[in-house]
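One chain, subunit A, appears in both complexes that follow, with subunit B as partner in the first and subunit C in the second.
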Partner chain A sequence: MKIRSPRYHRETPQRYRLEAAKTESGKVFFPPRAYYPGGEKAEPFRMSDKGKVLTYTVIHTPAAEYSDLAPFALGIIELDGGGRITSQIVDVDPSKVKIGMRVKVEFRRIRTEGDEGLLCYGYKVVPE
Partner chain B sequence: MPESGIVGYGAYIPRYRIKVESIASTWGADAENYKKGLQLKEKSVPGLDQDTITLSVEAAKYALKRAGIDGSSIGAAYVGSESHPYAVKPTGTILSEAIGATPECHTADFEFACKAGTEAMYNVYSQVKAGLIEYGLGIGGDTSQGAPGDALEYSASAGAAAYIFGSKDIIVSVDATYAYMTDTPDFWRREYEHYPQHGGRFTGEPAYFKHTLGAAEGIMKRAGMTADDFDYAVFHQPNGKFPMAAGKRLGFPREKIETGWLVPWLGNTYSGASPLGLSAVLDIAKPGDRILMVSFGSGAGSDAFIFTVLDHILEVQDKAPMTRPQLDENKIYLDYGNYAKFRGKILRNK
Partner chain C sequence: MREVAVVGIGMHKWGELWGMSIRDMFTIAARNAMDDAGVNNIDSMYIGCMSGGLFAGQEHLASLMADYLGVLPAAAARVESACASAGLAVRQGWMEVASGISDVVLVGGVEKMTDITGEEATFALSTAADTEYEGYNGVTFPGLYAMMARSHMHKYGTTLEQLSHVSVKNHANGALNPEAQYPFPVSLETVMNSTMVAEPLRLLHCSPITDGAAAVILCPVEIAKKEFKDHPLVVITGSGHATDTLALHSRDDFTTIKSATIAAQKAYRMAGVGPEDIDFAEVHDCFTIAEIMVTESIGFFEAGQGGPAAENGITSREGAKPINTSGGLKSKGHPVGATGAAQIIEITRQLRGEAGKRQLDNPRRGLAQNMGGSGGSSLVHILEVK
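Moving on, here comes the complex of A and B:
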């Protein structure tokens, strides 16, 4: 399946640089929203590239475009300083992944659109 | 004229490895020939989700950490590689976007076989020296390919090193630069071809040694120096044997080369090879150390640099992961089947 270029391009600040938003009360929203709960204002916030595994699962039967990667761990990562991302946990045997494990964010190729389409980049995490 | 020197550097090596024995046993070759003759033990392999862009971004992030600057300060970003992922669409735009250097940034992708990385470094060094930019980023990175069963398959590996040049808080000064280049058909890849071709033994004396020695002798003559004036020497390292032989002919004892001699455990990272050797030296260098670096790119040519390490390096060496630990620790070994899958040499039926 091919992603439309405008959508891919629109998501690059988040996929490439983890650009989030932090409200006046300190809540981190990723991706940033147009409006925040309670009418709070928010400032741009660059999330940390380090964190820990909050929870995870292991994918054995992924969508076709990720089949060469299976089995792989997919987790929710709590980043230091606030903010959470859903990310593949790579460069590790999925059976060795543990809740609370320290990880760091790396720039990786997320998907490849066949032989002709875009190469789509973004974040994954690896053991720290 | 403004000063221009290295203000930050970063290296990135993937965690995956394959041993020479795994490749040799697949093709019925004698592993000992490669281990003793070319002094290769194992090589790095990029992950399924890694390419020249991802390796370059990680190396660049580490360089920014050591330089203590934000990506938005980078006025020019050049990536030298012979494995740019797109045929048409720059590696540099994705890299610059990922480190936050856009939009006020000049970028271009460089190619010159294995010396594209030092071309990138030379260009940003020159722009800073000319006062055109405050900071510039030069990267050498590759996920090099060797055809199945070819001698290159035992060495072609993956890695990247990034250097930020600037005129403030310099950690390594550039004392001299020199280029030595001729038209020599030792190694090439035609358009639409997946794997490169090479001239076998012709890649040695008339190519690697002529240009590497020519550049090293040329820069030392201009600077009025000999091998005795240097604490370290880093040469392009297509295998373990060539850089040691080049160093010996130039009068460098083995111990001045070994720190930046990564190839027996890393393989040939092509555009990243001499820049990664330099980063391994900078990780442990002391103020006052003098370094000779000579790259080599087939086609063919060499860039030479004379560097002097300055006091400020002590404050930045441990601000990002070092080179040698990335090479020695957290390795994941692949068998030949998985290696072939990782490198796109076998494809799943669709």
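Moving on, here comes the complex of A and C:
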């Protein structure tokens, strides 16, 4: 009953290159939207690959595709210069993760799907 | 616009109901509501359900339920706003009656959640978050609320004890509700030592997986006064609905539920009241931190004071602002698509004086707040007994 990643996933720039958009008033949207509040215009914006942990948790009971990883740390990361992502925090003892911790975004395998074991990639963060 | 009354309420004992199908549960709850109102037919109905497909392999619920309820060819629609689906159904029905299009409308919800494994249910629920930018990276719903809890604790000094007191209080209330899934008290120690789910939230900080349905009958006040005189007249005096980003990371502040604030403001304005005028409330305690955040977001307490309010008994049945007298999602259970209607039922029961052992002392005005996902949608209704 699992739903696989849609086929357009591998064509989504945001998954690999942190491509966001910045509006005229300076707000960063990740991923970019087709339309912005108040009719503002926005320009493509490449987010930094460095930032800090705004909040985090350690997940002990994940969905099935992630059960091999549990327990794993996961947080909301504010990237330097604007923009936020939700990401696993890896290569660190989950009990050592703290609010404000500096992290760096890396290209990682996220999960395997289906009987064929299709590999799916994306971003995770590691201590800077 | 016509004033709208609640003239019938119905649910059933919630729990892990392995012997009951999605149609069985909704039909029983809906029939109970129709019997409570004393009606044999309805003009239309709205059914809240988050994911009949993922949980029970059944969509197109509106026609199915109209058939099994014996009300064909009444107009029927299934509405979805994740865990706020039934709150949305209430609002849709309220609008239809208020507008004059229909007179007798059934609104309610259903979810059949325990026929799949826990991991599958975790996945199904995670689709209420942003699947591509949250779920794909491994987020679960406990994980999202855990991150909100962590922010709230960091910003306001909210403690794990305060989070746990919400669970103790709601279980104490639910112990007096024969329809609750887990109608028993729990101790602070039990809550704080329960299995870890998503740090800092433990199992007893989380609402359960539940099978259940709930239904409510609405009609214009003018008709209720003439034809539905068996119960005290309960009127919906305010309705508010608002949305926010699906992804938690897209919000400026993780310690407040903005959609609840805006929905509440709309409902207060319509009812001509403020948070201080509300005698009691059912709020969406899908996780104990959610109750704390929502009671702040809808103006019951200052930001950061929701935790102390729970700890100091202000939100208990004997307190100044009783919250979740039904047991809340925590103890009563949380069949996600049905919860919003069950909240309306508890408010109505208290206003009618039919809440049994958990009855409050003569309440006049109650509020129900139902939300979807991590706060991407919120519905608030204010009910008064006339």
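Note that the second predicted complex is superposed on the first by the 115 of 128 C-alpha atoms of A that agree within 3 Å, B and C clash if a C-alpha of one lies under 4 Å from a C-alpha of the other, contacts with A are read in each partner's own complex, and residues count from 1 in each chain.
Throughout what follows, a contact is a pair of C-beta atoms (placed from the backbone, for glycine too) under 8 Å apart; a residue touches a chain by one contact, two chains touch by 3 or more.
The structure presented is a predicted model; accordingly, all values stated were derived computationally and were not measured.
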Subunit A as common anchor, with subunit B and subunit C clashing or fitting: fit
Contacts of A:Ile110 with subunit B and subunit C, given as first, second, both or neither: both
Partner chain(s) touched by A:Ser87 [first = subunit B, second = subunit C, both, neither]: second
Which superposed partner A:Leu74 touches (first subunit B, second subunit C, both, neither): second
Subunit B versus subunit C as contact partner of A:Ser5, first or second or both or neither: second
First, second, both or neither for A:Tyr16, with subunit B first and subunit C second: first
From subunit A, separation angle of subunit B and subunit C (C-alpha centres, steps of 10 degrees): 150
Comparison of subunit B and subunit C by subunit A residues contacted: C
Three-chain overlay, closest Cα atoms of subunit B and subunit C, distance in Å: 12
Common interface residues of subunit A - those touching subunit B in one complex and subunit C in the other: 12, 67, 69, 110, 124
Residue numbers on subunit A that touch subunit C, as the complex places them: 1-3, 5, 9, 12, 14, 29-31, 54-64, 66-67, 69, 71-72, 74-76, 84-88, 94, 99, 110-111, 120, 122-124
Residue ranges of subunit B touching subunit A (in the complex, touch as defined): 15-16, 47-51, 53-54, 57-58, 61, 85-86, 94, 97-98, 100, 330, 332, 341, 348
Subunit B-touching residues of subunit A, taken from the complex the two chains share: 12, 16-17, 49, 67-69, 90-91, 106-110, 119, 121, 124, 126-127
Subunit A contact footprint on subunit C (complex, rising order): 54, 116, 118-120, 122-123, 126-127, 131-140, 142-143, 146-148, 150-151, 154, 195-201, 247-250, 254
